[in-house]
Amino acid sequence: MDTYVTVVGNAASEVRVQMTQAGVPLARFRMAVSPRRFDRDSGQWVSGDASFYTIVCFRGLAENVTSSIDKGDPLVVTGRLRVREWEREGRWLTITEIDASSVGHDLARGVAEFRRVARPAR
Amino acid sequence: MDTYVTVVGNAASEVRVQMTQAGVPLARFRMAVSPRRFDRDSGQWVSGDASFYTIVCFRGLAENVTSSIDKGDPLVVTGRLRVREWEREGRWLTITEIDASSVGHDLARGVAEFRRVARPAR
Amino acid sequence: MDTYVTVVGNAASEVRVQMTQAGVPLARFRMAVSPRRFDRDSGQWVSGDASFYTIVCFRGLAENVTSSIDKGDPLVVTGRLRVREWEREGRWLTITEIDASSVGHDLARGVAEFRRVARPAR
Amino acid sequence: MDTYVTVVGNAASEVRVQMTQAGVPLARFRMAVSPRRFDRDSGQWVSGDASFYTIVCFRGLAENVTSSIDKGDPLVVTGRLRVREWEREGRWLTITEIDASSVGHDLARGVAEFRRVARPAR
């Protein structure tokens, strides 16, 4: 079964966009997500260690995040979670990706002006 | 255990904002969420019946959604799900609410200009 | 977009099973889900008001929950969330349903003996 | 914000249990989760590449999964998602963990007999 997940955090890199071989826009950026915990001793909310994800966007979402998102922006991202592992030069590498279906600026941290963009069918 | 949910759809009402008795901003709006299904016969993606939720926002999120969201805007909302039932004049009423932690414009449907807003501690 | 949700709580009714017109097993039961909150004054975890959902299961899952689940069992349920509203005799009725893809006994509350059941393709 | 996720798949290892320094039971096992996709050409559901997670359980859940789960069992697991990265001998290592709040056998794949276990408060 597919695994759906929503993460709330900050863009940890600029958005890098490219075209797939089939000519489809593909954008990627890194996202930092820090859990918040209520510390009973200090009576304060404190941040735990950040988890980092690679957010992958296709088609219209790829084009819109490229023109809307800057490094450091607070975001909410939802999509399908994947953990990819592969071997290179005798070492195992792991990447935790979210194939995003929706990305938005987190209005808990600021305000936004939105403009619809109608995409021609590809 | 709390139930966390993410919905992607459209604002189905304007945002109505008020102050709680404790002087905390509280904003509400309705949200329409339509499932999408691939119809194998027609080879097309089709929409199913919409589900409607009441989105509830507090403090800074309440103030920011009030100034950022219009009826019809495509949104992504994540938070805690509640189903409240109560009796009035012999009839049972039910409301399905999401106590939102984050709300954002869905950049799959357009572009946005974001501006951080620092809130004084209340 | 479809809305996926996971709820953790207790079976609030017995499982009722029937056959659809197409001859597919369909099982339903009610589920009570109570949020837990840490009460800083008392230093205790306390339960909030319960939310009630109708869990809908088809095919093999319908048959297996019928033979495995009793009213009161602690469960974890994941699937697609729907809020259906309809009018009857001038009154609006609302039901919050989860079309379950997986149901399991919550091993945080007890132990279980599992046995695979291979279903003939229907 | 914490990231909550639900995964449905199979236990990919036996459960290994130990005691933390504070004397709390801690159980771990690996889980394989394969996305399913409808292949329009063949008209069949096909599995994509599996993602692997380390499931971490504490206290009563740790004790109950140890006595209930075998390698290969179909499971549904819900909890908090973390991606931990650390450097060892000049190499970066990554592990994608779920701090489970609930684990259950997936009744879509079989039947189960459940027995409540009341834990003495620790």
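We call the chains A, B, C and D, going by the order they appear; numbering starts again at 1 in every chain.
Criterion: a contact is a pair of C-beta atoms (placed from the backbone, for glycine too) under 8 Å apart; a residue touches a chain by one contact, two chains touch by 3 or more.
Note that this is a predicted model, so its numbers are computed, not measured.
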Greatest separation from subunit B - chain, by CA centre: D
Subunit A on subunit D, rotation in degrees - Cα superposition, rounded to nearest 5: 180
Inter-centroid spacing, subunit C versus subunit B (mean Cα positions, whole Å): 24
Centroid spacing, where centroids are CA-atom means, of subunit A and subunit B in whole angstrom: 21
Intercentroid distance (Cα basis), subunit C paired with subunit A, Å: 31
Multi-partner residues of subunit D (each touching 2 or more other chains): 1, 4, 6, 8, 101-102
Chain contact graph, described as a line, ring, star, complete graph or other shape: complete
Partner subunit A, residues of subunit D touching it in the complex: 1-3, 5-9, 33, 35-36, 49, 51-53, 80-85, 91, 93-96
Touch list for subunit B against partner subunit A, complex: 4, 6, 8, 60-61, 64-65, 67-69, 73-76, 78, 101-117
Subunit A - residues contacting subunit C, complex: 1, 4, 38, 40, 43, 101-102
